[in-house]
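Please go over the structures that come below.
Next, two complexes with subunit A in common: one pairs it with subunit B, the other with subunit C.
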Partner chain A sequence: MTSNYRSWPMILALGVVTIPLVLMYVYLFVDTVTNTAPGSVVPHEFTGEHWRFLWETLPGRPSIYVATLNTFVFATATTLIVLAISSTAGYAISRLNVPFRAFFLAGVMVLHAFPTVTLIIAIFLILQFIGLYNTLIGVILVKAALELPFGIWIMKGFYDTVPWEIEMAGIQDGASRLTVWRKLVLPQVMPAVMALGIFSFLAGWSEFILPLVLAPDNKVQVLSVYLAALIADDNNFDMALFKSVGVFYVVPVIIMFLFFQGKLMSIYGGGTKG
Partner chain B sequence: MRILLEKFTKSFGSLTVIDEMDLEIDDGEMVALLGPSGCGKSTTLFAICGIHRVSGGRILFGDRDVSSVPSQQRNVGVVFQSYALYPHLTVAQNIGFPLMIRKESNADIARKVDEIAELVHIGNLLERRPAQLSGGQQQRVALARALVRKPDVLLLDEPLANLDAKLRLEMRSEIRRIQRETGITAVLVTHDQVEAMSMCDRIAIMNEGRIVQIAEPMEMYDNPASDFVAGFLGNPPIAFVDGVVTNGRFATASGAMTVSLPFNAGERERKIRLGIRPEFFRPGGTQPVAGKITFVEAQGRETLYDVALEDGQILRSIQTATNAATVGEKVNWGIDVERILMFDEDGARL
Partner chain C sequence: MLRARPDGEVMSGSRILGLLLLAPAFVFVVLFFLAPVVLTAVFALTNMSTATGITGGAYQVTQSGMRELAERHGEQALADALARVRYTVDRTGIDAASVEGASTALVSELDRRLAGQSFDSRRELERAIKKLDNRPRGTRALKSLSALFERSIVNTRFATEEEFFDAVAGLGIELDATQRAALLATTYTGWTWTGENFSRMFSLPDTRRTFLNTIIYVFATLIVFNTGFALVLSIVTHYMPDRPAGIFRAIWLLPRISPPVLYVLLWKWLAWDTGFLSRILVPLGFESRNWMLDNPTNAWVFIVLINGFVGASMGMLIFSAAIRSIPVSLFYASEVDGANRWQQVRYVILPQLRWPILFITCYQSLSLLTSFEYILLATEGGPGGATKVWALAAYLTALNNYAGNLEYGYGAALALVLVLVGVILSLAYLRLFDFKSLVAPPPIEQ
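Take a look at the complex of A and B:
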């Protein structure tokens, strides 16, 4: 590769700036498999004990695998709900003659403006009233509902860019409105669906406050709550254990990133030229 | 399939765009809807294919009233101005889409797609996507998709508007050839009079939601019903001169031009408007008119002149390029009086 400027000063500058970050990541990982004497920065022995949560259940805690499964179910379910509703509602708002369209759009926006925390007491009371407190279903519904405004807006924006003639052509070709949406319109907004799906999944994976308040029980605990409980527990304070669980927590995200980064870029996103 | 519009009316809210239009298109005929922008051509087309619901009147295909039949069941092929190809599908899938919707077998679809691709000469492009095609190729794909399920009616909404001049010429004869070969009833929307004249059996000229005249191209050129129609057909366009006629003698208000007309409206002065096509104003024409050349446009084989009369009204003349008159030159060319078109004050043909 040739470039019209020298690249090493740039690399050097970026390197210097990122050193603290890189060090943090390195130590995060190193600390999970070693022991370091107090006061020292160089570890003196290797150990697997910080990963013991993988093969034994910590006292008073749910099994890590239960928590992982819960997190996975939580993130996946919210993603599916968000995708299903956003992709249909966005289409309806973009294309169909729904009554109160402008009102809906503005309302959806305003809803999104509420910080979760301001709503959490009310949500807590409602969930308790309808018996969904301390259930995954309850917290999934709440999380999905809070994610929806964003999803609907994004999808509406993408649907707006799909030419109207394409749909009309589909109808002329004999397809029903639903088929047109599924076979002709949806593929055009696939990049948006993928992106929205990934965002929702990550948002679900890292969500903390909702599960903490609405589903704290061991049976339904998710990883973020599990992790927080580790440092909240003053009696058995174990920083290295905390770090190990933290690494365990982000690994799926990194795997997902590696898997999708190529995919996101290669999604077909062309249009017709005149 | 014969198409019949009976008192077809279309309004958007309180705005009536088309008011009680009657139009009959014979089986196998190709008719052009020609008119200025916003006159309701597309609206009419969309009503025929069912995208717009009619507000009044009826639309018949053959003897079947389709006014309230949904688009999907009308069996109409449409080529949109923007082609509206499906960007995520290959050319073959695009063309095969209507058949796939009908749940025809894959073998049938492949065979029919090949057939139609042959007809429109895109057999070698079937595996490409629309973004990898030129404008003319996209146009052919759109045509193929509209034709593949053997529609009763083919509708074309300004299908050539996006093409360059040369391709346009080529596709003009292509579309006509395909329409003839398939014997399909077709409606072509355009605002290009050359397109309408060269491609269609009949032309319907529209203005403000009404059909002002419907006739065969040459018939309409020679016998326009109004100055609007006369002004719309012909390139370079016809020139109009306003004045009065008394005792068969026409004069402009300032007397800059006088000619005797084969038309006697009697003693009384009467306002009239003459339409003179450029090819009938030339050196050697029967009734000489004095003027000054204000504009010369060499078009290669022919040269177009604008000639200003003393009072500023403009006549146009088109001549073979041998004549070399220049701007500013005073000329005394003649008008072929028997070819003059005469219109009354309201623009109706006399």
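Take a look at the complex of A and C:
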């Protein structure tokens, strides 16, 4: 817009700062299909051996497909719970004359700002008490619960933007508040529900600490824990293998991001990472 | 007409519906937020650990327990008496003897003449047995018989207090009230209530260091990247044509959308001793080494970079949106007045970003304070605890350490400090960012 100023010095300066990031991500993909001689930075041959984890199970690890299925179940179940509960609770807080409404809203806001990772020790002990330690169900419930304040907060914000006239009209025509919500308001916030769904799925897919602490067993292991265990094993150091597993793990994320970039931006602005 | 029904007359439809819609969220929040917060406080007042278990314990006389009984409670004699091995001819022993194949005559004679007697050593018992008419033939038979009467409560677990005291009474030891209390304290294997976690936290030099680490970590990352570099990113991309600006923003979002495990792997690849940095620096005369874990300074640089590259993107998104909402006419007007680019940034853009900057600072200080995921993956607090921050210390103490004894109680005490700071800060931020405007009463009352 401000064409009085030249833009190339800016592009150059930022380009220099951005180089490490670009290098890391370019080499992430390059190293998975090539071999590089020690001491060199240029690959000298193509190879498929780094992807061997796809057709053989690595020693001491669960099958990659078991881990992938676990991750998928974990992310999907978390998303469904978050969507179901935040789309209802968000509406109640945004639009209905609930007793203690201000109290609920303040609670959600505090919890939204409150970093949940501090609770992990108590949650670990609770799951041990009730016998859900090392189960997918346990870690799904916990992850969903920790995402909820954020989900409710986002949904409340989107419900706030729906014009009251829509609900007024529905009620004039004799519909109940429940019907108005289901038939008139929910379709209005469908894009937000989609965005929240994609966000929750990606958050579940990337989650590391919760499954690490609450469900570390081989049978219920998710990809993040699988990859971290692979890297932590000092006896089998193979950077190219780690990167290949990493690419396998991150590709769904990148695809979803490319498809839904616009939707996600509305949510990342309220980000949850440090 | 929509406001026809006055407030508070009957529970109205929208209220019931609202409560129904809120109920599931409420249950989840109570189970996984309120309960953990309360329990963190409760656990912080216990000495719970892997050794004590989490459900409860038993009573067991152990060597260390007896040492404590003698030293802390001054009950040397009692400790010796409890630790001593005795030989008692009792029902259990006699039954065992008959099962082991002792003759009926011997069994009945044992029952008749020695039942109830206690001996301080095996030799005394054996001497008594030898005097019996039906004594076993041969030393081996005698040894195996006397072994059946060996009685000691050392390392035996008693599930309840009563069972334990019965066993002690069975040894012929009389206890007064203070001795009973001292004995319970030194033999209970389960967790107990204690305030020691906090006194320990305040006295350990380690705590001070962790505290300072946390301060460095939060402020360095926050100032350099989460607000500083985020501002640079948003202002610089603002002065670019749309295409390169979009590309730069997308690249800087990569760290945020990448799963943490993978993202930190990329940094390890950069810093590893056979990694990228070494490969390009070795030909220039540097030694090959692990650049991340080589020394504390390097470790800190990497920790701040790793967290900062992720943190910068949130500020970038919010600041960019704020800059976009500045009326274009302001930029034109400043240019007509001859402002250079720096003056435009200083007097047009920055004043408009005051609130977003404040928001990012508040929000991210809280996230940084409690985040330890990236540090755990990158350095695990190393080298030598140099990058151990408070949240990581709590995690390592309670859930993952090399010693193997996980101290849930002490870890919870460390976490409790974070919980309190978190709640206080988030309440303070709520006041700052005007809560009332968000809860305007709904215009439909039904």
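To be clear about the criterion, the second predicted complex is superposed on the first by the 234 of 274 C-alpha atoms of A that agree within 3 Å, B and C clash if a C-alpha of one lies under 4 Å from a C-alpha of the other, contacts with A are read in each partner's own complex, and residues count from 1 in each chain.
Convention: contacts are C-beta pairs under 8 Å (C-beta built on N, C-alpha and C of every residue); 3 or more make two chains touch, one makes a residue touch a chain.
This structure is a prediction, so every number in the text was calculated from the model and none was measured.
Using the contact criterion defined above for the overlaid structures, shared-chain residue A:Gly174 touches subunit B, although it does not reach subunit C.
Within the superposed three-chain model, A:Pro187 lies in touch with subunit B and out of touch with subunit C [touch as defined at top].
Put simply, more of the residues of subunit A are touched by C, taking subunit B and subunit C as the two choices. By the touch criterion stated above, A:Asn235 is placed in contact with neither subunit B nor subunit C.
In the superposed pair of complexes, A:Pro99 makes contact with subunit C only, with no contact to subunit B. Shared interface residues of subunit A, touching subunit B in one complex and subunit C in the other, are 168, 171, 176, 268, 271-274. Across the complex, subunit B is touched by residues 163, 165-166, 168-176, 179, 184, 187-188, 268, 270-274 of subunit A.
Those residues of subunit A whose C-beta lies close enough to touch subunit C in the complex are 1-2, 4-5, 7, 10-11, 13-14, 18, 20-25, 27-28, 31, 38-41, 84-86, 88-89, 91-93, 95-99, 101-102, 104-107, 109-111, 113-126, 128-129, 141-142, 144-146, 148-149, 152, 164, 167-168, 171, 176-178, 202, 205-206, 208-209, 213, 224, 227-228, 231, 239, 242-243, 246, 249-250, 253-254, 257, 261, 265, 268-269, 271-274. Only residues 49, 51, 71-73, 76-78, 80-88, 97-98, 101-102, 129-131, 135, 138, 145-146, 149, 162 of subunit B touch subunit A when the two sit together in their complex.
Those residues of subunit C that touch subunit A in the complex are listed here as 2, 12-15, 17-19, 21-22, 24-26, 28-29, 31-33, 35-37, 39-40, 43, 48, 54-55, 221, 226, 233, 236-237, 239-241, 244, 248, 250-262, 265-270, 272, 274-276, 279-280, 282, 307, 309-311, 313-314, 317-318, 321, 328, 331-332, 335, 341, 344, 363-364, 366-373, 376-377, 391, 394-395, 398-400, 408, 411-412, 415, 418-419, 422-423, 425-427, 429-430, 435, 438-439, 441-446.
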